[in-house]
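Take a look at the structures below.
Two complexes are shown next, each including chain A; its partner changes from chain B in the first to chain C in the second.
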Partner chain A sequence: MTRRQHDVCRFLLFQQFGEQVSVVGKYLLQKSPSPLHLISSETHLDTEQVKKILCILIQQNIVTFGQHKRGFIEYSIRTGEILNRLWFPKYIYCAKTLYGDAAELLLEDVLQRGQVQMSKVIEVVMQRFNEALETSGKQKISESFVVDKFSNLVRTHFLQRCLDPIKSESNKVVGLEVTGEEETLYRLPDLSRKRKKSHDDGPPAKRSKSEVEGERPADDEGDGIFWRVNNERFHQMFRDQAIVQAISSKIDRSAGEVLRAMLRVSEVKTAGMATVTTPISVTEIFNALPKDLMARPLLETYLSLICDDSTNFLSKVGDSGGGMYSINIYEALAQLVKAHIESVVQERFGSKCLRIFRVLLLKKHLEQKQIEDFVMISAKEAKDLLYTLFSENFITTTEISKTPDHAPSRTFYLFTVNIQHVASMVLNRCYKALYNAMVKKETEVNEHRRLLDKQERMEAIAASVEDASQRDEILNTITPSEQEQIIKVRRTIQMLDHSELQICEGIFILEMYLMYFKQRQKDKS
Partner chain B sequence: MATAAVKEEPIEEVDFETRFIMLCQASPEGITDNVIQKELPQCDTKQRMTIVNRLLSMGKIDLLKSGSKLLYRLKDPDSASQVKGGDNQEKLVYQIIKDAGNKGIWIRDIRFKCNLLLTQVNKILKNLETKKLIKAVKSVAASKKKVYMLYNLEPDRSVTGGAWYSDQDFESEFVEVLNQQCFKYLEQRAAAAREAKSDPIAQRNASFTPLEDVWKYISDLGISKVQLSKEDIETILNTLIYDGKVERSLVAGQATASGDGYVKLYRSVQPLIPTTGLMRMPCGACPVFDQCYEGGAVSPTTCVYMKEWLEI
Partner chain C sequence: MAGRGRGRGKNVSFNVEALGFGRGEALPGPISQPPPLFPTADFKPVPFQQSEEYDYMLALKQEFLGNMRKSPFFLQASHKRKDIERYSDKYQAAAEVNGKWKPDWRRLPAELKPRVRKKTKSSIKPSVKVKSKVKLSVEDVSKTLEELEKKEVDQGDEEEEEEEEGGKKKEEGEVEEEEDEIYDEEDIEEETDYILSYFDNGEEYGNDDDDADEGPVY
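Right after this comes the complex of A and B.
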């Protein structure tokens, strides 16, 4: 974990949970895992306080615990989970577009509470929904509607069960078990038991057998099970969205639709971190497309079009079933990362530098003279730009000596781009920029807090007052200059918010790529 | 008897010389010792030597080495007359420069080849220049370097830089203009294809332009004073590829006169993503990014760039 990521994590903890939690978080970031007494002594906080804080963090899935071999419990923090909180708004938006408002509220509640029981969250959502519906005069929704949405989310793996605690002999919880099969994480409880109490099915007996350690009560009404958000699934969805968007902008929308259908089919078939999806036949794709979108021959032309495209997202791997195609996930991510890095180079150094950078990306290794020839820029200028890129570590050199004594005049110096290196450099910068944006937003809000509070108060009062003239009077207590300032502050906060989201998108692609890269390295060795 | 023998020798020698010259004329690439021995069996080694030396000093033949054998070649009468005025050293230097062809030769290399002193070589070169036999051409690779070549030869492209250099200066604006024109042309073709066809495959194929068409268009535009070859246009299109605005594909086509069995097609493309998030805020391009930290002289709260950016 880099310094920049730690900064962002600390800031997030401070912003969302408060001063003391951030102190504990900072300590754990530096020195995890550690036992309770050490945490409380180092952070000079009361043990009871620390216990409460750790509870909060465990509830939010940020801290996990495990038993040290000497017998005491150690707590460790997961920076990945903290950084995932950056994408919570995106998760909620995703759920909304897929399953509607009820799902949006469900997810919001689950995210807020960290780990929650199904019945509880359904209750809360029902309440909120029906309140809103009542005020607007629409019909109330039934519980089964919300339960349906919840089951949808679970079935598509967006929500998963929390890990069950392992208990030691003295009935103390000593760790969280790791489930062997993934399928158990997504099993919905049988809600029919709540309705038909006299119904005595086989399932309860089967379920208690597959439960861990017999101590658990049978999950009547699903109350013993806690649910949480499955981050990996959302990340997969974002990755797919990024790929579809890229191909849509490169070719056209229908190509994007085709690719989306393919990704949906491969969701269930491909392993999580596979670099290439399993081959999918044309028939399957055709069945997965929305009806009436395109005829079969058109689909086939689109597939060959995407295959031939220079971005190399798709490749044809066989001819059975009308043609087997598979998506090169790793290749697609690499292209996206290259696009991001090129954009950074272009904005920071100029188009001529971009030309030099792309020449090196395409031709891998080149001498200085060759670069000058390819790039059609005067030699002096090209030299200058090349060395600027080199000093900022976007390109590196490899030395190949002609003679054993490695004399500088007799060695070839080849320039090259190491994508993984540049990607992690840009990622670091992104995190710092994100931190800067968050800090700036915080200071803006604090500076004008008085004004913003005043406006909120006024608006609340004006909304509750019935009389129109009184309302105007109240609203006029905010002077025009204050009004202007408020508008400006809101605009500032909005701009910083926007830029945070955009940086987050860039961070996501870079992180995904580096993860896949590491996986590939591991697979190779 | 002795006088008769003496009288015979000179006649024989002159005879041998003319016959030698005739032999040289007969085989323009040169003749070896063996050939001479076969044709003139009466001529022994010493006589051959004297003949060769005399002809060399008269400047009528050239002595060349081919492998381990010596070759005697008849020299061109014109060039023989040209350097008649000069002395041996000059002749040597002239020969070296002539051998360099149209690439020219650097003064240091001349010195290595003839083993003369620097001052001597300089004097000789000045002499030859005034006699208008050689000329100095500035190389485009290193602006201080001068290469010498024969007066009437055209310098090679590698020395002058070809169409992109005019008097040793790289013509950046010319390249830029060509760049933009080519790109506009390809974009127009792509836009026309998008409007005209509905089928994506046909659209893509129609938006591809072969190298020929681009070359013809640029030649017809007439923005270039000098006639540009296809290779020149190809280098310009390559720079567009490196800019990320154009992509190229090779398709099998008819083998043209130049011998290629494939055709190069170019097409303008859209970028994969719009500008990345990092660069949409001041931090991305900030020059003091590394010195920025909370509480320091440069910090996010006091950042001037941020303030300006948020004010717009």
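Right after this comes the complex of A and C.
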């Protein structure tokens, strides 16, 4: 976790949960895991308050706890979960495009509450939906419709069960998750037994505890099964979308469709973090495509076209079943990252620098003289640009000595681009940019809070007042200069918000690439 | 190796050409301060990618943040202790409870449960204690009086040996006694808020008849 990521995490906690939670979060980011009394003494907060904060964070899946070998419970923070919150709007949008408005509302509610019981969330969504439908005069929807959407989300693994807490012998909760089999995560509860509490899949220990306590928690109709969002599944979806989009823009929309079908087929067969999908035969692909899209020979042409493309997304691994093809996920992501970095270089340093960068990417290692020859720019200028890139750490040098004594006059200095290194540097910059944008937006809002509040109040009053002339009078209490200022402030805030979203896109690609890179290193060793 | 580490003077041992700059050129000057906080950008940034998707996601994001702020998960800084009670406190406190959230204790460690303090009984207790304390203190006073009397008697025995010290102690004892007596008079006898020595119950009214020679009373 770099310093920049910590800054972003802290700010996200502050923005969404308040000042005190961000203080606790900061402490845990620096020194996790730690027990309760240490947290409250180091952060100088009241113990009761810290307890409340920890409950909230555990509910939102940000903090986990486990038992230390000495017997007390330690709390640790999951930074990945905090950063995932950056992509919540994207998750919601994805659910909307896949399954419709009801799914969108469902997901929004689940994301807001962290862990939620099925019945509760369905109830809330029903209410909201029916309110909206009533005001627009349409017919109400039935509960089974919403339940259907929920089951769809679970079946495609977008939602998963929260695992049961680990219990000690004295029946107290000591640890958060028990890792079970993957299939159990996606098992829907039996809905016909909704109202009965005690005869269900919950382990007996849990039930006896709730019976002994005697109190009936307010929303226990879901039989104590909590659901949460499955982040990895969404990330997989976004990764697939990025790859398909890349191929569609490079070659053709139909090529994109072919690749999408292949990805869908390989979803169930490939392990989560595999760098290459399992091979798929042409017959399978043909069956997976929408029926009238293309004829079989055309499909085969497309496949060979994508294979031969320089981006190396697809590779042919065998001839059985009409040809076995597999997608190189790692290669695809590397290409996307290269394109990303190239655009960064172009926007920062100019297109001549980009030429140098591209030449180096192509030829891997080059001496300075050779670079000047290949790039076809005057020697002085090329040297200048090269050293600008070098000082910003986009390029690195390798020394190859001719003689055993490594004398500088008899050593080759080769320039090269190390993608992984540059990617992590650009990622760091992205986080810094994100943090800057968020902080600036917050300061803008705070500076002009008086004005913005005034405008909101005026609008609220004007909306409730019936008389038109009175309404105009009220709206005129905001002077034209104030109006201008308000417009300017709102535009700035919107721009900053927009930029945050776009930075997040970049962050996603880079993070994915670095994750797969690490996985590849692990596979090799 | 005379030129080793001496920079780009005449005695550089390796081929300077290989580094890319010739002998006559000037190097960039030394850096004497940290880089500026807002460095000037050579190129203007590219405009955003506009699409319906991004606009919708922007709206979603703002809505999500608004909902998080209104939810019970958003902890506001605890209010400062008010110096005086205000009438509006009753209404403000009601507005604060924005959908309280009760965590499911089956999934959380028991140490995180907030301690439930019973407010009602403890608020009555202090007043009871105060009264009893007052009573006790009164009883204590009469006890201390007796003790002091005893002490005095003891001190009287010792006076024959150490008169000065004894005298002092006696004086202190007497003073204390007098004070205690006064204290007793004032607070014990009738348990009213009024200090009895201020009250004149009229018994001494006619006692000054002999002072008629003073002159006329205006």
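Assume the second predicted complex is superposed on the first by the 469 of 525 C-alpha atoms of A that agree within 3 Å, B and C clash if a C-alpha of one lies under 4 Å from a C-alpha of the other, contacts with A are read in each partner's own complex, and residues count from 1 in each chain.
Everything that follows uses one rule, which is that a contact is a pair of C-beta atoms (placed from the backbone, for glycine too) under 8 Å apart; a residue touches a chain by one contact, two chains touch by 3 or more.
Keep in mind the model is a prediction, meaning the values are calculated, not measured.
Asks: For A:347, decide between first (touching chain B), second (touching chain C), both and neither.
Replies: both
Asks: Regarding the shared-chain residue A:246, is it in contact with chain B (first), chain C (second), both, or neither?
Replies: The answer is first: A:246 touches chain B but not chain C.
Asks: Counting only touches as set out at the top, which of chain B and chain C does A:502 meet: first, second, both, neither?
Replies: both
Asks: Answer with first, second, both or neither: which of chain B and chain C does A:440 touch in the superposed model?
Replies: In the superposition, A:440 touches chain B alone.
Asks: After lining up the shared chain so the two structures overlap, which partner does A:317 touch, if you call chain B first and chain C second: first, second, both or neither?
Replies: neither
Asks: Just checking: does A:288 make contact with chain B only, chain C only, both, or neither of them? Give me first, second, both or neither.
Replies: Touch partners of A:288: none, neither chain B nor chain C.
Asks: Is A:383 in contact with chain B, with chain C, with both, or with neither (first, second, both, neither)?
Replies: A:383 sits against chain C, while chain B stays out of touch.
Asks: On chain A, which stretch or stretches are contacted by chain B in one complex as well as by chain C in the other?
Replies: 347-348, 495, 499, 501-502
Asks: Can you name the residues of chain C that touch chain A in the complex?
Replies: 13-15, 18, 20-21, 42-43, 45-46, 48-49, 53-54, 56-58, 60-62, 64-65, 67-69, 71, 73-78, 101-115
Asks: Show me the residue ranges of chain B that touch chain A in the complex, using the header's touch definition.
Replies: 164, 169-170, 172, 175, 179, 199-201, 204, 235-236, 238-239, 241-244, 247, 249, 269-273, 275-281, 283-285, 289, 292, 294, 300-301, 303, 306, 309-310
Asks: Can you list the residues on chain A that touch chain B in the complex?
Replies: So the residues of chain A touching chain B come out as 245-246, 249-252, 254-255, 301-302, 304-305, 308, 310-311, 335-336, 339-340, 342-344, 347-348, 351, 354-356, 358-359, 362, 374-379, 381, 426, 429-430, 432-433, 435-437, 439-440, 443, 492, 495-496, 499, 501-506.
Asks: Which of the residues in chain A end up touching chain C in this complex?
Replies: Chain A residues touching chain C: 15-21, 36, 48-49, 51-56, 58-60, 65, 73, 88-90, 92-93, 108, 111-112, 115, 162, 165, 172-174, 206, 209-210, 213, 217-218, 224, 226, 347-350, 368, 383, 387, 407-409, 413, 494-495, 497-502.
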